[in-house]
Each structure stands twice: as C-alpha cells, then as structure tokens.
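Have a look at these structures, which come just after this line.
Two complexes are shown next, each including subunit A; its partner changes from subunit B in the first to subunit C in the second.
Up next is the complex of A and B:
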C-alpha cells in the first residue's frame, strides 16, 4: 500500500499536478509516523501508510495558501476537510485528495514502548466505533476500502462513555470534571492540533475584552474548556486529535461526543457530511426544540 | 460581599433584547408591578447578540444566575436573531448540565413588550430557583 502511494506521489509531482504533498513519514523513533511535506519526487520515497499514521493532516492545509496541495487522508480526516470547505477556509481546486483505505489507527498512549513487535495493536477509541469505510469523495483512492474485522465491533455504542457520565448525579459530574480540568495547564495543545480551530486570534489570548482568566485555576480552566467545546459545536468531526495531544490526559472526546450526541438528537445534524450542508449554528429550524425556555 | 449565607442575596444578570424584553421590563416598572430587585439588566440589541462567552464571563465572575430574554419566536426585530440564540443556548445548557453546572443558573425566556406581568412573575420564580441553588462557587469574587 505504501508502494502504491509512493508511485502515485512521484507521478503527481513529476507531472506538476501538485506543488506539494502532505503525508506521513516514519518518525525518528522508527515506530511512529510523523507528518511530512514533500515537494520533490525523490522525497516521495519517504511516504508511508499504515496504522501508525495517526495525525490529522488537515490542520496543515491552512499553512500553504495558494499552493496546489496533495493530502493523504483517512476517512475521518476527510470529514474535517469537508468542514473547512464548508466554511470557505480551503479551496477545492487547490486540493488533491489522496484517500487511503484506513486499517484503523493505534492508540499512541497505550503503545507499549518495550514491546515494539507486539502482535496486538491497541486501536484508538474513535476507530473502535468507526462506521464509515468509504470516503465521501476523493481524487485518488489508494487501495480499495475494506473493513478491518478487529474494528467496529457490532453493537458497540459510540456514546457509551458519555452515557456513563450522564447517569451520574450533577454533583458527581461536577466533581469529575473539576478534577479533570484541575490538571489542565492551559498549553492550548488541544487548540493547536485541531484542524478546525483556525482563528488567527484566539479568544483565549484576547485581552480587550478578556473573557476569562488566563491563569491556571478552576474558573479559567473550566471557561476555556467550555469555550473550546462551544466553538466546535456542530463542527467537530471526532478525529480525536485534541484528546491525543492533551499532555495531561483530559478526556476531551467525551465532551465533543456529548455535543455531537445532543445535536444529533435535537437538530438531526451531523458535522462533516457534505460540503453543501450549512453550518449548524449559522442556520436554524423554526421547529427547533425550546422546552427549557420560559 | 460577605460569605455569610444568611445575608446572601442571589445576584442575577439579565441580557434583555432592546425590542421586546427590555420594553416589557420597562412596562412592569411603569405599571408599578412589584418584583425582586436581584436582576441586573444589560440591554442588548437582540437575544442573538448574546455570545455564550457573556454567560461564561458572568458565571465565572461570581454571578449566581444568568437570564437571556428576547422576543417570542417569529417576532424578532431582525427576523431571525432569536432562532439563532435558541439553537446556540440549547447546546450551551446541555453542556452545562453535562459538566455539572446547575442548569438553573442559566435560563432563557421569551417576554414581549406587553408582557409586564410575565416579566414580574418570571423574575420572582427565577430568584426563588437561584436561592435554592445557593451561591455560585464557581467564580472568583
């Protein structure tokens, strides 16, 4: 599969179909994958494609304006490109989407560093309940999509962690999140890694008006995490990058999933399904629920 | 601000739309209706103007409750501002609940310019609910 990808990349660069290709190369540790930016056909040899290609490369698209970019994507990454297109952040004609059949990616945090030859791969949480295997659109497809038997265990509920939390009392939930957020060091890694957090000036750094504390305290940490979640409401496509990048292990996906679940139930809306779809919060329906409004 | 519970009075911030709710509250005053003075009113052009960050800023500054009030759906001066607000704050409220923040502290209402009675009743009820919820421990003071 990597070979097919390399050949295609060489072909594209030789024929000047693209200026650069954003893909994955083997990281210095020889195990994980790191993003790479390839603009000559010799470099195309570096490209790889396997279960270690965890990163969502869509975050890099905005760094190369006015260039024809080839990008290697998984099905979930493609959804974030869909949202970027929807919000006019990238131009479709500047993109050449190389969709690769996804074998499911590993959970980096649960990788055993002592046993690199381990047979059992621990898949990322998002992959275990991933339902889509066919990309909605692409320019080049590497290898036919096929379902990995180890993934998508039938009947597995993608909202299970959310439901578990919902079942707790409100005081218990507050205690839980208070302790989770108390670890937050406000490094904003969740924001930097997110392909959809692209504001040139983030509200967290804004001073006039400053909406919440920049310090590490309950008030600031809670406000930041609520703000991040609200700004991704109806846009988050659950690539799980925020949770992966979080150095203190806050379960950010559980927050994203909660909002995803609510908007599915309340507004019958799912993010990243099609480019033509209007963003959730810039449209409305006259029959939207309003049971809490007096 | 004293920490003594017995002296504690709920502090509520109300974001009222210029065209309906603000006029409604004004009418309540002109009609000499009596209701608790706990709501500090901030006049906004439309309920759609209210940013979730305003609500967060209030709660994290130690305000005990936030109320957003606007025109009834279909009556918005800007045709659709309150529809947008409704969607946005439905999500925010669900998120508050999930994170363990008492949803009583964040409320919304539609009050038209002629509904002075509704406004007075609303504030009475709201103050009672927030009183039960107790002081907001979230924010710095």
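Up next is the complex of A and C:
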C-alpha cells in the first residue's frame, strides 16, 4: 500500500499536479511515524502508510498558502478538512486529497517508552468506535482491503466514557476535572495540534484585556481548557489529536465528546459530514430548542 | 561514601524523613504516566525504571511564580515580596539528567544574578537521586557529558540492586539524612555495584555526535527543512529540564513569572508588531543554537542533558538528537 502511495506521489509531482505532498515518513527511531513534506520525486520514497500514522495532517495546510497541496488523510482527518472548507479556511482547488483506507492507528500513550523495539499495536480509543473506514470524498483513493476489519467494534457505545462521567454528581465531576486540569502545564499543544484551532491570535494570548489567568493554577487551567473545548463546539470532529498531544494525559476527548453529544441531541447536528452543511453556530433554525431562554 | 540497605529499611528511612521534610517523589498515575508529587507514605513512591514526564525543574523554577505584589493600599503605595520557601523539602527518585539540569539552571539563577525564589527553593531542598538501569530509546545523556549513574547535582544517589539499595552519599546534606543507615557494603557488594553501573551505561544505546560549533550553518537551508513539522507548541521547552525562559505578567496587583518558550510564535513579538523570529524555522533554530552553541560559548557546557523528554513527548516526533547529529557543519 505504501508502494501504491509512493508511485502516485511520484506521478503527481512529475506531472506538476501538486507543489507538495503532506504525508508520513518513518520517525528517526525507526518505529513510529512523523509528518513529512515531499516536494520531489526522490523524496516520495520516504512516504509510508501504516498504523503508526496517527497525526491529523490537516493542521499543516495553513503553512502552505497558495500552494497546491496533496495531503494524505484518514477518514477522521478528512472530516476536519471538510470543516476547514466549510469555514473557508482552505480552497478546494488547492487541495488534492489522497484518502488512504485506514488500518486503525495506535494509541501512542499506551506504548511503553522504555521498550526499544516495535510493540504490539493497541488501537487508539477513537478507532475502537470508528463508524466507517470509507472516506466521503477524495481525489485519489489508496485502497486495500484491511486485515483488521474487526477493528471498529461497531455497536460499541462511543459515548460510554461521557455517560460514566454524567452519572457522577456535580461535586464528584468537579473533583474529577479539577484533578485532571491540575496537571495542565499550559503548553497549548492541544491548541497547536488542532486543525480547527486556527485563530491568528488565541484568546489565551491576549493581554489587553487578559481573559483569564496565565498562571498555572486552577482558575487559569480550568478557563483555558473550557475555552478551548467551547471554541470547538459544533466543529470538533474527534480526531483526538489534542488528547494525543497532551503530554500530561488530560482526557480532552471526554470533554469534546460531551459537547458533541449535547449538540447531536439538541440540534441533530454532526460536524464534518458535508461541506454544504451550514456551520452550526452561524445558522439559525426555527426548530432549534429554545427552552434555555427564560 | 557508600551505604547499603534492604528495601524495607529504605522504606522505613523514607517514612522517617516524612516527619521532618515535605517529601516529593515519582508517583504512578495509572494510564497517565509518572508524576512528581508530594507523598505521605514511602509506599506511594514509584521507584521503577520509567521516568517522570515533567522534570523536577518545576519545583525550583516554577511554572508560575508570584514575585511581588504592589500598588496602592488605603491611599499609600506598597510593595511586598512574596514569602520565600521556609519548609525543608526532600525530592527522592530524581534522575541523573534532571539533577544535572538543575546544576545548569544554577548557572542562570544562582551565580552572578541570584534569583531569590529559585535560590531559596534550592537551599531548602535535598535531592536524592535514583540511577537508571533501563534507559529509554530517546535517552542520549552519555553523548553529552552525562550518564545514567552520574551523581552531579545530587546529595545522594540510590541504586536499586536486587532486594537491596546501594546509596552513594555525595554531600554533607546527604550524609546527614543517611546517618541512620550505618551499614556499608562489603567487597562483594561493591563489586556488584560497579558492574551494575557498567551495565547501566551499556544499556544506553543512543549515541550522537555534537558539532563543536554551529556558527557556519546559521543561514543553512537545513533549519527550514528540519523544522517543517514543528507545530510551535510549548511541550519541548516546558518539559525540558534546562529550558528557563519566562514571561512577566501582571495579574491584579501581582507580578507573575510564567514559563515561556522560544517555540511560541509570540515569544519574540515586539510591541511595534515586528517579530525577529516570524516562522518556526527561526524559532526552532534558536532552540538548537541556544542549547548546542550559545550556552556552551557563554557557560562552558551545553544546555541539554540528553534526557530525551523533548523527543518522547513532542506531538510530532521532532528529534533534536538526530537534528544535531546530522547538522551539515
């Protein structure tokens, strides 16, 4: 499959269909993958495609304005491109979408950092409840029947962790999040990795006025994490990159999923399904529930 | 000076320390990793091979520190320093690279200029290290003057040897706390300890070469190429045991010192709107030059201890060791 990808990439670059291809290469440790940016035929040899290709490369699109970009995507990554198109952040004509059928990606956090060898693959949480491995649209499909067709344990409840939290009392819930957020170091990796966090100036950086404490304390940490999640309401497509990037293991997907669930229930809306869909927060529908207005 | 203790004896000693010291050590949070936290019982400690995500730096150069408070109170000016550390602390289980990191931070915060907050925390703290016997694949301390068994910056260093611990005592502070442990290792035990050290050193497989100077390649296209995947987050700088950049922030009437890092796009943003490091190329190059060139020129050694944290936790697997090793000098 990597071969097919390499050949396609070479072809695209030779025929000048694209200026560069954003894809994956083997990381320096020889085991994991790392993002790569290919602009020559020779470099196309570096491209790989396997379960280590965890990154959502869509966050790199903004680095190459006005270039014709080929980008290797999984189904979940594609949804974030859909939102970027919906929000006019990328031009479709500058994009060449290379969708690769997905073998499921690893849960990096479960890798033993001391082990110097390749380890048995444990799939990421998002993959375990992934609904389809067929991309909605693409320009090129790198397809191969996956041996792991049992990967998506369809029927498994994707909101199970959220329901568990919902079942707790408010006090217990607050205690839970207080202890999780207390570890936040405010590195903003969750924001930087997110393909949909693209504000040129983040609220966290504003100082006149400062919206919340820069201090690593409960007030600042809580404000940051809630703000981040709320700014993605109706936009987050659950690629899980924030949670993966978080060095201190805060379960950011649980917050995202909670908001996603509320939105589904209230507005029957799911982010990233189609480009034509109007963004949730910039449209109004007469049937929107309004019992919160008192 | 060497001492030897059974595991239970060491645990008892640690429980004893708890009466006089605030004791901090690595604890395992299931599914999250290892974190330094205060302990209430020797059983809380994780003294295995995995190392903490955040280095002990945060207990000395803290992520955010209130430096002083000032303004107008009842019509007159006031300026108050925030009280300095008073309580005696002990940190147990510190890794050689992190302790060396503190020795490097001392060059910044405790030489010509003395940073009161940092110095008071350093003075009040005893550091008891733990040697590494199974270094990770991203560790490269032996390529940069360190080793998994080095005691620099520590008061004492513990080696786990089967059912026993060998304790190497380095400073007077270390001697004081371990005077309750009278037993010295015999010849056999010393031999075993020495071969354990050799084994630990040999277990560290990653070797890199570090160029004498990077002067000639400041303008090289190399930096643009190697930095292209960087997402400009703060993971590498915040988790680095030697990074020490900060930002001063006013909050209410307090002056707050918070971590900052060269990776952030607004780190060098000037009030005029100009930014001398506008892209990640300049920013990443700065990180490498500060660690592997400038600091050596100013302070005689590199500002990296080879702990591998910035590699292990980089969300996009940027690998500073490879980048320095392959630098086209």
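Observations
Definition applied: the second predicted complex is superposed on the first by the 277 of 294 C-alpha atoms of A that agree within 3 Å, B and C clash if a C-alpha of one lies under 4 Å from a C-alpha of the other, contacts with A are read in each partner's own complex, and residues count from 1 in each chain.
The rule is short, and it goes like this: a contact is a pair of C-beta atoms (placed from the backbone, for glycine too) under 8 Å apart; a residue touches a chain by one contact, two chains touch by 3 or more.
Predicted model, so just to flag it, every value in this text is computed and none were measured.
Superposition of the two structures on subunit A leaves subunit B and subunit C fitting side by side, clash-free. Judged by the touch definition given at the top, the superposed model places A:213 against both subunit B and subunit C. Once the two complexes are overlaid on the shared chain, A:33 sits against subunit C while remaining clear of subunit B. Looking at the shared chain after the overlay, A:229 reaches subunit B, while subunit C stays out of its contact range.
When both complexes are overlaid on chain A, the residue A:65 reaches neither subunit B nor subunit C. Looking at the shared chain after the overlay, A:176 reaches subunit B, while subunit C stays out of its contact range. Vertex at subunit A: the C-alpha centres of subunit B and subunit C lie 90° apart in angle, rounded to steps of 10. In the superposition on chain A, contact of A:284 is made with subunit B only, not with subunit C. After overlaying the two complexes on the shared chain, residue contacts for A:245 are found with subunit C alone; subunit B is out of touch.
No C-alpha atom of subunit B lies closer than 10 Å to any C-alpha atom of subunit C in the overlay. Common to the subunit B and subunit C contact sets on subunit A are residues 213, 217, 220. By the touch criterion stated above, subunit A contacts subunit C in their complex at residues 27-29, 32-37, 55, 59-60, 63, 109, 113-116, 183, 185-189, 191-193, 205, 207, 210, 213-217, 220, 241, 244-245, 247-249. Residues of subunit C that touch subunit A in their complex: 29, 31-33, 35, 49-50, 53-54, 63-64, 134-138, 205, 228-229, 231-235, 238-239, 247, 249, 251, 256, 258-259, 264, 266, 312-313, 315-319, 321-322.
Those residues of subunit A lying in contact with subunit B across their complex are 165-166, 170-178, 203, 211-213, 217-220, 222-223, 226-227, 229-230, 233-234, 255, 258-259, 262-263, 266-267, 280-282, 284-286, 288-290, 292-294. Considering their complex, residues 52-53, 56-57, 60, 73-74, 80, 83-84, 86-88, 90-103, 107-110, 122, 125, 138-140 of subunit B touch subunit A.
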